[in-house]
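Okay, here's the structure, questions in a sec.
Chain IDs A, B, C and D follow the sequence of writing; residue 1 opens each chain.
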Amino acid sequence: MEITLKNLTKIFPSRNKKSPDDVVAVNDFDFTIPDGKLIGLLGPSGCGKSTMLYMISGLQKPTSGQIFFGSDDVTQLSPENRGVGLVFQNYALYPHMTVLQNILFPLQNLKGEDKLTKDQMLDKAKDAARLVQIDELLDRKPSELSGGQQQRVAIARALVKMPRVLLLDEPLSNLDARLRLQTREEISRIQKETKITTVFVTHDQEEAMSISDMIVVMKQGVVQQTGKPQDVYDNPTNLFVAKFLGTPPINVFRGHVAGSMLYIGSSAVMACPGVKDCEVYVGIRPEGFILDPAGPFENSLRSVEVMGRDVSVVFTSPDSMNPTARAIITSESVIDEKSPTVRFSIKPRKLFLFDFASEKRIRFEVK
Amino acid sequence: MKKTLLTAILLAAAVLMLFAGGSGEKKATAASNFEVPEVGYDGSPVTVRFYHTMGTNLSDVLNLYIEEFSKIYPNITIAAEQVGSYDDVRDQVSTEITVGSQPNIAYCYPDHVALYNLAGAVATLDSLIDSQIAVKRADGTQEILGLTDAQKADFIEGYYNEGRQFGDGLMYTMPFSKSTEVLYYNKTFFDANGLTVPTTWDEMEEVCAKIKAIDPTSIPLGYDSEANWFITMTEQLKTPYTSASGDHFLFNTEENKKFVERFSSWYDKGYLTTQQLYGAYTSGLFTSETGVKSYMSIGSSAGATHQRPAALADGSYPFQVGIASIPQADASNPKAISQGPSVCIFKKANAQEVVASWLFVKFLTTSVDFQAEFSMASGYVPVLKSVGSNEAYAAFLAKADGAKYISALSAKICLEQERSYYTSPAFNGSSTARDQVGALLSKCLTLNTSSATFKADLDKAFQTAIEECEYNN
Amino acid sequence: MSDNKIILMHERNMAEQTSHQKIMTVIVKVLLYAFILAMAAIVLFPFYWMINSSLKTLEEYRRSVPTFWPHRLMLSNYSSAFTTANLGKLFLNTMYVGVVSTALSLVITVLSAFAFARLSFKGKNALFAGLLATMMIPGELFTITNYSTVTNLGWINTYTVLIVPFLVSVFYIYLLRQNFMQIPDELYLAAKVDGTSDLKYLWKVMIPLSLPTLISITILKMMGAWNSYIWPRLVANDEAHRLITNGLRNAFTETTGDVNYPVQMAAVALVSAPLFLVFIFLRKYIMQGVSRSGIKG
Amino acid sequence: MADIVDSKNQWKAWVYLSPAIALLLVFTVWPIFNTVRMAFLEGYSGLMNVGGAKFQFGIGNFRKVLQYQRFLSCLKTTSLLCIITVPISTILALLIAVCLNSIKILQKPLQTIFFLPYVTNSIAIGMVFAAMFNIVGSFYGTQNEIIVTAGIVNNIIEFLGGKAVNWINYGSTYLANMTVMVIYIVWNALPFKILILLGGLQSVNKQYYDAARVDGTSRRRIFSRITVPLLSPMIAYVVITGFIGGFKEYTSIVGIFGETMGPADDAKRLNTMVGFIYDSLSTNSQGRSSAAALILFGIILVVTLINLRVSKKRVHY
């Protein structure tokens, strides 16, 4: 099921009587979710991504704009008629029902021609349980399950009625690190098996990038960029996206372009043909640094952190927007920890220029 | 919390069980009659507490005489206290007896005394009455502690003998002020319509029928006390009610059912109502100017002023009230209830308190002036014969009319029927019997006499009343 | 899950669904409001009727066709109610008993709750369980003996008898103790380190922090005084000490003749008014206090 | 955790507790002890005790009380009132609470209105109910029925085409009396129950409802499968307290019928257990009064235990 969102806007009326400004949760959102894909909605908390999800599910109605499921306009349709499955952040499993009863619950709601016999229901419920690998736990109550198990039950409950769209709200946020890794793979597997169009919301960029077919980065209700995870990472359209994606985060410096040459401080870091002279933000991914005693970019060395596979070089620069900057280099590189300075050369594809005022990407040709 | 709750319940239950085993019995202290100390009153300072139900105007009269008494015996302090109604006095005294803090003197009805006697708390007065010990007064004169023969003879005999009705022949109470039931009728209405005042119940039925014909929306008769009515009927008809000893409750008889049935049929015809059924004293109906009215009302002789309609602006009254003796079953054997409080004296560890109390009781009950003044203020009937010859009282009686001096009229009627008075036996449980027959009568009045189940309902009501009495005995 | 089972939910006629569901929503809303407003009207009706009746003349009140607004406002009913039932004295008595017993009760409750929440002593848990157990026993059980106890003490018809026997409420101790226990231990330990005395700590820290609970207790206790009936009737039913509820009931049952209902209703309104005023201003605390008992579990 | 501070001054705690303990000993512990004692002394009466009578240890009081018609009628009235009013008021309160919870406009003012009956004096408002149901100054007699004025309830009934009912005056039926009592008690019991249930509803995680909506659950099913089970602890609580309160019913009846506890022609008809206990007290039968009080306690205990047991099965988590 392809989902099309057209000029979707959601405005919450202000609750505070003293400041009558309404809150714009989602602003003029235009996007098409291709059929059968797993889409990650990504953004810092409060950016309107959950509102998006609720609008797709029908729990919230958009202030303006339209939602299409395939060619059907479902904007005014209530959730039960949309055929969506929704997994809540804290799963919302009914505490008084067993796992099986929880999974059966949506099926028991079906009416008229959709109505199933008891056996059919049981079969479907067991199928769903098997799919998420909890068929051993059917008689337990949610309070007797671990977080990961509860998560699976919630997914099974959402899947059991074969929704046209599966929506997941921060599905991994309540899990510990190890379970998170495991579960996200699980979600990916289930999605691939069922081929249900799936939208999930997260503020964890790593999570989104690792399993999504496509990610949507949002900020304050406005879409910043959409695309395949790697594309977005490699090619951010603005400083926000660049900063939001990637761990450790991108290093940002203040710089200027003079005569098609990029300067950070007094170091002429790189040539950037075609860019007019101006003040810029320079974003360099940690992996974009090459330890080079003859490199153009000189900084004060703060410390070296050995992390096994990689080595993290922490340095300071008067032009850095953060107190320290970080470069990740392979552990084979030799670095003199006692040296007061460290010099780098930069991988051109890992360096992005942003307009100082608009923070928009300034593209230039890389040789 | 649920667990705590459960624990708490179990604990509570356990505690109760534990205590259940630990009950004990109190040592008995035998009741004995009061013996006068050899010195009589020794002049020591004592405080005598007196519980009564007098309102402000009567208290004023009382206080006057308390003052006078304290001139004679300055060391005896009389602390009079108004304690609600008669029932309130009974409840408070009986509670106080259980902890030994009862007053010295209290207003009482015979059944109260029977109740107090369970604890043996009431002092017998015989030895005091007979005592010849001389007591010194503050002015140096002396008086005999007991009653002189003249004093004894001055009491209206029926009233005086009420003090001896407790089965053992001993004197427990002194009569204080008395009243009875009388028939109030709307004299203006009766005269205008040529009605005669009924003297028997048969005549009453006729009069009711006539009134009902004249004013169909009226309820000709209101009877204030259902209990009095029942008991008086048993006296008039000489049918059983209760006995002071043995099998107490005897009122479940066919004769009694017969008169109840008769009144019930009157009720069906709309002839009458009672206090309980009306929801207030029936004087309200009798004095009513608008709406439903009654033209006769049987109530306490002491409540005459309540039976008088509100005065008009010019001080006159909308109608004249007539007062007569209540109707009788047998005109040759007239019976009217004797009611109104007596006083009893409680036993105390300090015998001087009892003697002092007696002196005060004697002072009040034998004082012609007090009796006269009290009667005039209250509308009660004096308990002394000689009050009739008291000048002020005679003048009061002479003024008797159906309007301004209605109290005098009421008193006059009472004095005239002096021989009719009866009292019913008093024992512990006699008040229950009283309450029960009252409730019984009002319940039976509302039964529909033409209904098929009437007889059975009547039997059941009588049976229930008997059971109630026996439970509480 | 095999592929053939992956059938998407039944395709529906979306337009029809939309209008149908709109109508349903409206119908449900209407029914909902109809029900709740009807119930609210029923709940409010006695109050309305009380006020309405209290302003009528007796004659108007007795009309067989009732009037839903008095033709002539009889405000004088209120003044006659005030004098008939001697409400002034009753109000004063009740206020006096309410204020004194609330104040004393608060002191006792605070001290006890503090001991149970913050101090350690032998048998604390057993004692507390014992206290809770007494909550299960109906008060009528106590009355029988307490009646003779207070008589024994010579307290009949005094203010003491209305105040002292019910000063301790196990429930309030329980409530406050729970509240005290929520205050972090660190605060107490810090105070101990600073050499603050228990009482000072209680006064400066715990009481301010549990103020809402204390206010709730105060109001409930005052309401208790206002509504008490059985015990005062039993032990202090004389003119001088009679409390409002008894006075009200007595004033209109002992009269001779017809009950003047409008005046009676005026008296009832006057008696109810203070509670309403308190409720309007302190609604939050009252509802909190009452519902607190529901969160016990 | 409260025991962190190792208090060497145990006496301090006892000082703080002393007023409470002293008062509880005198006015709570001793009465319990004494009540049990009196209940098991046959025919115990305070006055007779002072008079030196001896009382046998035994269960005579209980036997006498339990064989007594009036007591059985009190028991019947009390139980009936409980059994009828508790379910009605609980269900009504549940419906109102659910409705209140699902509306936005007027929610706060309506909540306040529904709480109003709680802050009333039950005697005072009982008098209002009496006036509403009254037939003022009616004088019955089979051939002579005069109704001066009917109360508003009868006016409404007549307006709707019904026949006026004698609700509380003499001549009224037990059924009519009970109807008035049930209406009044339910009216009186609603606010507390609504408050508790609404509080429970508001603390239920909204996501359960969102989840149910996404699944297309009908309102009725949401109510029966989600709301009621999630509210079950609160429901159990209001039912238990409702029963305990119901068995102690007394002042509401005084409010409407006065201390005659029934219509004039059948006083005490509506007497309750508590009323019985006080009546026995005023006839100085403390033994029977105590026995009745213990029976009442026993009933409340049993009913509460049954309730707890049932709710253990039915109350979820």
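Methods note: a residue touches a chain if its C-beta (ideal position, glycine included) is under 8 Å from a C-beta of that chain, and two chains touch if they have at least 3 such contacts.
As the structure is a computational prediction, the values presented were derived from the model and not from experiment.
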| item | value |
| --- | --- |
| Labels of chains that are neighbours to chain C and to chain D | A, B |
| Distance-maximising chain from chain A - centres being C-alpha averages | B |
| Pair of chains joined by more contacts [C-beta pairs], B-D or A-C | B-D |
| Rounded Å distance, chain A centre to chain B centre (Cα mean) | 95 |
| Distance from chain C to chain A - Cα centre to Cα centre, in angstrom | 53 |
| Centre distance in Å when chain B and chain D are each reduced to the mean of their C-alpha atoms | 38 |
| Approximate Å spacing (C-alpha centroids) for the pair chain A, chain D | 58 |
| Touching two or more other chains - residues of chain D | 32, 38, 46, 137, 148, 294, 297, 301, 304 |
| Contacts with 2+ other chains: residues of chain C | 134, 136-137, 147-148, 258, 296-297 |
| Junction residues of chain B - those touching two or more other chains | 2, 9, 12, 15, 95, 98, 279 |
| Pairwise touch network: line, ring, star, complete, or other | other |
| Contact pairs between chains, per stated definition | A-C, A-D, B-C, B-D, C-D |
| In the complex with chain D, residue positions of chain B that touch it | 2, 5-6, 9, 12-13, 15-16, 19-20, 22-31, 91, 94-95, 97-98, 100, 115-121, 217, 219, 267-270, 273, 276-279, 291-292, 432, 439, 442-443, 445-446, 448-450, 464, 467-468, 471-472 |
| Interface residues, chain D side, partner chain B - complex | 32-33, 36-38, 40-41, 45-55, 57, 64, 68-70, 137, 139-144, 146, 148, 169-171, 260, 264-267, 282-285, 294, 297, 301, 304-305, 308, 312 |
| Interface residues, chain C side, partner chain B - complex | 129-130, 132-137, 147-148, 151-152, 154, 156, 237-238, 255-259, 296-297 |
| Touching residues on chain A, where the partner in the complex is chain C | 1, 72-74, 76-78, 81, 83, 113-114, 124, 127-128, 130-131, 161-164, 193-196 |
| Parts of chain D lying in touch with chain A, wherever the complex brings them together | 205, 207-208, 210-218, 221, 225-226, 229-230, 232, 316-317 |
